[in-house]
Every structure is written in structure tokens, then in C-alpha cells.
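Here come two complexes built around chain A, the first alongside chain B, the second alongside chain C.
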Partner chain A sequence: MKEFWFHIKMYGALLKMTMRSMLQYRADFWMSLVSVVLLNGANIIQLSVISWRFHSLGGWSVGELLVLYGMFMVAWSIFSIFFRKLSKIEEEIVNGVFDIYLLRPVSPFLQLVGGDINHIGLCDTFMGLALVAAGLAKTGVRWDMEHILWFVVFILSGGVIVVCIRFLISCLAFWITKAKALSSLFTQLYLLTQKYPVTIFGKVFRVLVTGIVPVAYLNFYPATYLMGKPDAPPWLCMLSPVVAFVMAGISALVWRQGMRRYDSCGG
Partner chain B sequence: MRTFPAFLKAQQRFAGLYRMDFLLKLLYGMLAMYGVRSLWVVLYAQDPAIVGRSLPSMITYAMLAVALDIIFYPSALDAAPQNYISEQVRTGRIDTDLLRPMDLQIQLLSRNVGAAIFSALWLVLPAWLLGVLLLGMELPPDIYYGVGFLVSAMLSFLILFSLNFLLGMVCFATVNIGQITMAYSGMITILSGKLIPNWLYPEWMQTLIRFLPFRCIFETPLNIYTAAVTGRQIPKGLLLQTIWAAVLFGMGHLLWKGMHRRLTVQGG
Partner chain C sequence: MITVNNLSKTYRIVRPREGRFSALKSLVHPEYIERRAVDGIHFSIKDGEIVGYIGQNGAGKSTTIKMLSGILVPTSGEVYVDGLIPHRDRKEHLHNIGVVFGQKTSLWWDVPVIDSLHILKKMYRVEDERFQKNLALFTELLDLGNFLNQPVRQLSLGQRVRADLAAALMHDPKILFLDEPTIGVDVVAKERLRKFILEINRERGVSVLLTTHDVVDMEKLVNRVIVIHGGRLIYDGAIHGLRERYGRQRRMELQFENEPPDLTLPGVDTERMEDGGLAVMFDQNAYTVDEMLSHIRKTGSTIRDIIIQKADIEQIVRDIYQEGGRDV
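Moving on, here comes the complex of A and B:
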């Protein structure tokens, strides 16, 4: 337990240090917000045009689609704000920075994630929340306290899940040195899940994004539960924290295994 | 003219380095094609009248758009002129490009064509084949449409290149083109018929799109392939594409000439 608090304290110290250096170059927050809107604009327009023409997509109205899209963004932003470095393990290994972590008496994991905080990721959070709000306004669904609590649980679990997925993919760097190509394939998987209710892609796809790469827990299952859709049974949606817990466990195991196997690129 | 194949070959060799990469990219393409296919299958089931054409024709349109997109946005991203220019300007290496005894626009075109041919052969051709065999993609009705499509796709490429080059020219004025690039690619995505077939837009927007070059990039070749236009309309479509390509390429050429003069003066 004492060790645990030590780690927490060290993470805080590292974050503080990083924040201080980030503030030196205060990148234009508003410009980044514009970028996020532009990057997602085409998808939002596409979804709006489709639901304007066809009234719905696979039984989901435009408001529900916006909630779906927005929740994905919010959960995803947890990764891009705090854990972005996890996808750069390969780089750190190749250029030898990772070896430095091993020399210091603090967990290499903490040094990796503590060395980076990306306030620009907040733009995703804001836009995601705005889309969820717009979607709710559009559908006229009102969330009570219980819904809001579940929303928070879903977002946090979704955050853990996306962090673990990205982490596990980049952990492949311990085994194969070129893991980058894989990530573009996954990008397509994320995109399809983010934009559309996964029910339209058939059973195989649904099993894939539920049980193997559980990205559907970022938005599809949460939105199904919160918007009261018949697409999935409630218990399957409420499994979200369990899935997050399992993913975290797997990640921890893999990390330890990888660390044991790691010998530096240079040596 | 001999330099052109040399650039082409260099680009091919470069792209060939990552074989594993390409296998995964093929899977990526297939997944993307499967995605749009499922989307239109569902939408067609909801209301065939709004889709406005047969289901096979619609999914062929959508999947071919994905395939063309892979050629047009080559995997070696720095092959795209705007990215290449912005990178070279940022790092200050653009002078080595200027030292070569060849017009910058032609240099970049060769680079881009090289990457595109590579992804066309190794990525899109197999993806298209698998699409036809597994995903129910149609073939063009006859050889006339097939050839028409190929010619049209090449013109599309030239139009897109010219637009990208114009965007690259902006780099010389402002080093950072991040937001402009995003707005630009968003515009192409929305207005070219790639993501949303243009006939689904409201009337006023369709009119607007008719006067812009973007629809020539995706809609024209896709409509030829799926025989959504009659055989008589094909030459008309190709002519319009040629005009846009000539105008945009020419604009890029003139702009670059002016820019080059200024650069030389500044550099001493």
C-alpha cells in the first residue's frame, strides 16, 4: 500500500514537471479546437445528410448518432490527454530513451506516461461533450441522476479500455520492432465503430469489437443503454467496467512480461 | 523526359521497403470497403427509392470510392505535393529540390504518380479483385465504360494533384498549413462524392457542387464505372475533367513561376 502511494506521488510530481515545460509553449488552444471541428466536420455532415434523407440509420436517429459519435470522442480523449506516450513506446525504444527510464528508481511505466500531458486533447473532450449535448437536445431524451452517473462510469471505463488497447498494440513493439503498420488497420476499426451503430456490420464485426478489440464499449454499448435502444441487452452494456478491469489486468501482465524480455536496442 | 521514370522508380523502391505494411494496408482497404458496403446495404433496405439506383450499383460506387481514395492518398504521405512542400520548406531543404534541373511541379507530379502507381498495382488491384469476388462489386458493363473509367480516374488524379499543388504553394506564404489542409481535405471529402453521393444533397447544394471541380475527382469516374451515365455522356464528362485539370495545373504553374522568382531574389 505504501508503495502504491509512492507511485501516485511520483506520477503527480512528473505531471507537474511536464505541465511546467508545456506551459512554456502555450500552443494556440483555439486553433486546435478549430482543427478538431474541421477533422470531424465531414463525418458529422455525412451522418446528418444520411439521417436527413433516410430518417435514421439502422434504427438510430440523428440525435442518437451524435451521442454515439460524441461519447467515442470523450472516452478517446482520456487517452490523448494523459496516455498519448503509450503509443510512442516503439519510438522510445528505438531511439534509446526507454533505457534511461530503466536506470531511474521509479517505475518505467510512470516515467513514460508522466512525461507527457497533452492539453490539446481537451478539444476532443469539449467537442465530444457538445455533440452528446446536441444529440440529447435533438432526441428530447432527458437524463436523470442515474443516467449521468452511468455516463461517467461509461466514459471512465471507455477511457481505460482505449488506453489498454492502444497500449497492447504498442507493446507488440517488444516482440516485433515494426508495430506501426498495424495501427492504421485499427484506425479503420475505430472509425467504423465511432461513426455507425455496430449492428449494421453483422455478427462477426460485432463480436470483434465486443470481445476481442472492445472498442464498442467506448460508445455503442453506453449509448445503447443510455438512450434505451433495443440493440443490446442492458447487462451486456453494464459490463463496461468489468471489461475495463479485465483489459487493465491483461495490460499489466503484458507489461511485466515485456519488461522481463526487454533488452535494449543498442545492446 | 528520361528523369520522369527515374523518379518513378525511386518512389517504387521506397514504397517496396515495407511489405508487411502493405499486407496490413490491404486488410485496411478491405475493412473500409466492407464498412461502406454494410452502410449502403442497410440504407437500401430502409428506402431503396432514396438511394436511387440498384443495390449492386450503389455498393460498387461506394467501395470503388474507397479504392480510389487509397490511390489518391498514397501510403507514402510525403509523396503528396502539399505535404512534401510543407516538410521541405519547414526543414529548409527545399533548395535541394530547386537545384534539380527540372520544374518543381513536374518533379512533384512524378513523385506522386510513382506512389500512386505503386498503390494502384499492389493495393487497389488486389482489393478490387477481392471486392469483386467476395463483396459483390460489379464490373463495368462493357470495355467502353471500363476504359472510360480508367481515363477518367487518371484525369481525377491530375485534378487532385493540381489542387494539392496549389495548396502546397500556400506553404511558401505561410509555413504552417495545418488548419488550411484540414479544411481543404474536409471540403474534398464532402463535395467530391466520395463519402456522400452528391445526388443525396439538397437541390441548392447540388447546384453549387456542379460549379466546383471537386465532383470531377470522385463522382465522374465512379458514375462512368457504374454506368450511371449513358455512353454518350462519357466524352462530355471527360472533357469537363480535362478542362478543370488544364486550368488548375496551369494556375499552379503560373503561381509557382511567380513564387520562384521571389524566392530566388530573397535567397540572394
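Moving on, here comes the complex of A and C:
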């Protein structure tokens, strides 16, 4: 327990250092803020154009699609605010920064995560929540307390899942060089599942995004359950925290193996 | 303090592939290239020693230091540092050691030096009193006062290494690993670093293992050297032992009236100098000076000027390398 508090305190101290470093580059801060707002705006316009032309997509109304899209953004923002550095393991190894982490008596994982905080990601959180609210208003669906609790569970589980997926891809850097090429393959997956209900794709795709790279648990299953859609049985949707738990377990194992496999960068 | 037994490290590098899906291919069916960076070395270092660990680039110095500090897991063999196995007992071990890489900083790049020292204090759980005491001492000895409040990226290399040294010593380690601490640092700053290392060694009994290419570092800091070449230990002993062993090496610098001759004699190295002269390196056990001169005269060249020198440490180390090392 004492160790736990020590690590929480260290995480705080590391974030403080990170923020202090970031404040050295103020112009950067504003530029990236503007670009994120523009980017999200473009995405939403695209979505509304698509929704307007088709009215519904695979049995999903415009409002339901907004909830689908919004939930993805909120879960994703957990990764992009706090854990972005996890997708940079390869760079940290190549730059020799990882060696430095291993020289300090604090978990290298914590040092990695504590090395970045992305306030701009909050835009995604708010915009995602706004989209969910807009979607609910449009469909006229009302959530009771139970729905809201499930929403929180889904978002947190989705956050864990996306963090684990990005982390596992990044961990490949312990075994292969050029792990980056693979990660762009996965980006294609996210792009599809963020906007479209996975039921419009074939069975193979559904299995892929459910059991192998479970991105469907970021938004499709949660929205199916919360909006009462017939696209998937409720028990499959409610597995979300279990999926998150399993992903976290796999990540911990892979990390441990990776550390054992770690060979610095030669020399 | 440090015991190293039959230590080896082999890097298994995945052969990079070209073309489409290359990353996927190398994940599914990797091809490995093996490179033996450290090959069965033995040594031990006692409390309070300062040992120079020398060798050419790529000889395996950094790999050894990384294994001793727990960053790398050895492929085979044993390492004990103060009774602990570095990679296994990592966290406990890290409290016993301080590490400085001359080529990269362990400080936070964009924040003032003092902030880095403070967060390290928390990481190592150093008590306030001890921290203040050390800070005052190092600030004085390393003259940190001028730049404690500057971000690391604004420091000169010499200042940065001084700050890194202070950071590595804040938690009172028993052992200091220094990997090329003086590289790229100007002469005055080098001198200050050396004085500091000696002082820390004398006053606190800190053992030091340092790698360096600098002959002056070796002569001023170190009483014992370990030479590594191609991953193998080729010399371990007193620095004056090196000189004794190779002290009969001579470097003869010759100027000629006409074109310098091509001299091919077994065990003799020659080198064209920038001023057009010829340097001849030989061992007096193999050739006397008189014999060497008559060999040169036989080529028909006329000697105009001649300087004969004893080999310096650098020359000696180079000779050990060229021999491929004698087993110790």
C-alpha cells in the first residue's frame, strides 16, 4: 500500500515536470488546440452529411450514430490525454531514453506514462459528450440512473481497452523494428468502427473487432446496449469490463516479457 | 564490491526487411543476426578503487556498464554488485549506484537543473537534511551555483556533465559508473571533473568504474585499467604495468632528404606523417635502434632528421589492440 501511494505521488511529480516542460513552448499549445477543433469539426460535418444523405445506416438513426461516434471520442480521449506516450516506446528505445528510465528506482512504465499529458485531448472528451447528448436529444431516448452508471463503466472499460491496444502495438518495438508500419493498419480499423455500426460489415470483420482487436467495445457494444438496439445480445455488450480486464492482463504480461527482452540500443 | 564472472552478452538483432508488409513479416518469421558484444569477461573491483575501463568504440564497454547497472540482462555469466544481481534486484541495486553517460543526460531537458534534482530526491527517497547537505557540497565542488536555475538545454556540455554528476551522487551511492564522462568537454572543465571524482572517491570511499578515451584521464584518475577488445578482456592490471610491459615500444619519427622508403619488416608499423616524414613503431625486444637504422639505410634513403620517443598510453593501448590482445 505504501508502495502504491509512493507511485501515485511519483506520477504526480512526473506530470508536474512534464507540464513545466510544456509551458516552455506556448505557441505550440495554441496551434495544436486550434487544429484539433478544426479536425473534429470536419469529422462531424462529414458524419452529418453522411447521415443526412442516408438518414439511417444499417438500422441506426442519425441520433444513434451520434451516440456511437461520441462514445468513441470519449473513450479515445482517455488514451490521448493520459497515455499517449505508450505509443512512443519505439522512439524512447531508439533515443536511449528508455535506458535512463531503467536507471531510476521507479517503475519504467510510470516514467513513460508520466512523461506526457495532453490537455488538448480534453476537447475530444467534451465534444464526445456533447455528441452523445445531442444524439440522445435527437432520438428522444432517456437514460435512467442505471444507464448512466453503465455509460461510465463502458467509457472506463473502453478507455482501458484502447490504451491496451495502443500499448500492445507499441510493445512490438521490443521485438521488431519498424513497429510503426503495423500501427497504421490498426488506424484503418478505428476509422471504420468510430463512424459505422459494425453490423453493416461482414462477419469476419465483426469477429476481428470483437475478439481480436476489440475496438467495437469502445462504442458499438456500449451504444447497442444503451440505445436498446437489436444488433447484439446484451450479455455480449456487458462483457465490456471483462474484456478490459483481460486486455490489461495481457498487456502486463507482454510488458514483463518485453522488459526481459530489452536489449537497449546496442553499443 | 563488484564481481564479474564469465560474463557475456549476445545481441540478437532482427534482420530488417525491405518491401511491403516487412514489419509483419519480421514479426511472424523473424530472422536474427547474432552479435557477441561481451565475451566471457572476468574481473572484480574492490571498495574504493578507481578503475579505468578502456577499449575502442564497439569493444563492449557500454554493454558491460549497462549490465553492471542493471539495464541489460546478461546472456550468460554472473554479475554481483555489492552482493546484488543488478537486473534481478534492480530497484535495490539502483540505490547503491550512480551512473553518468557523458553522451546523454539523465536530467529533464526543459526544466531547471534544481527541479531535476528535487524529483530525483523524491524517487530515491532521500531525506531533506541529507539532500541539502549534498546539494551544498556539490554546488561548491562542481560550481553549480551559476546554472542551477537554468534549463538543462541551455547548459554547455561541461556544465551539463557536472549537473549530471551531482544528480548521480545525490542519493550517496557506493559505486559510480561513468561512461565517457569527459568526452567533448574542454580542458579546464575536464580538470575540474577529475578533481571532483578524486575528491568523492577519497572523502566518501565511492568506487568508480569509468570508461574513457582520454589518456590524461587514465594517468590522473586511475590506478588500475581493464582493457577490453572485441568483447574480450585483454589486460587487467596496474596502469604502470602496462607501461612496463609495453615500455620498450619506440616511435621513431624520420625525415628524409629524398622520398621516404617503403619499410616492410615483421612486427613493425609505419605511418606517413602529415609533414611528409615517416613514423616507425617497433619493439626494442625485436629490433635494437641500431638494427632499425641500418634496415632503413639499406633502402637507399638518406635520413635528415630523427626523433625517438617512448610510446604513450594511447600508443600502448593501440598496440594491445593490434596484437588482438594477449591473454591475461
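Keep this in mind: the second predicted complex is superposed on the first by the 242 of 267 C-alpha atoms of A that agree within 3 Å, B and C clash if a C-alpha of one lies under 4 Å from a C-alpha of the other, contacts with A are read in each partner's own complex, and residues count from 1 in each chain.
The definition used in the following text is that contacts are C-beta pairs under 8 Å (C-beta built on N, C-alpha and C of every residue); 3 or more make two chains touch, one makes a residue touch a chain.
The structure presented is a predicted model; accordingly, all values stated were derived computationally and were not measured.
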With both complexes overlaid on chain A, does A:Leu39 touch chain B (first), chain C (second), both or neither? first
Inset, instruction - Tell me which partner A:Leu192 touches in the superposition: chain B (first), chain C (second), both or neither. - result: first
Q.
Just to be sure I read the superposition right, which of the two partners does A:Arg260 touch: chain B = first, chain C = second, or both, or neither?
A. second
Margin query: Touch test for A:Phe201: chain B only (first), chain C only (second), both, or neither?
Written below: first
Message = For A:Leu57, using the defined touch cut-off, is the partner it touches chain B, chain C, both, or neither? Pick first, second, both or neither.
response = first
Is A:Leu15 in contact with chain B, with chain C, with both, or with neither (first, second, both, neither)?
-> neither
With both complexes overlaid on chain A, does A:Leu182 touch chain B (first), chain C (second), both or neither?
both
The intersection of the chain A residues contacting chain B with those contacting chain C is 178, 180-182
Counting only contacts in the complex, chain B reaches chain A at residues 18, 20-21, 24-25, 27-28, 31-32, 34-35, 38-39, 41-43, 46-47, 50, 178-179, 182-183, 186, 189-190, 195-196, 200-201
As the complex stands, chain C meets chain A at residues 11-14, 16, 22-24, 26-27, 30, 35, 37, 58, 62-63, 66, 69-73, 90-91, 94-95, 99, 101, 104, 106, 108-111, 115-116, 119-120, 122-125, 151
Within their complex, chain A touches chain C through residues 6, 9-10, 13-14, 17, 20-21, 24, 96, 99-100, 102-106, 172, 175-182, 260, 262-264, 266-267
Residue positions on chain A within touch of chain B in the complex are 31, 34-35, 38-39, 41-42, 45-46, 49-50, 53-58, 178, 180-182, 184-185, 187-189, 191-192, 196, 200-202, 205
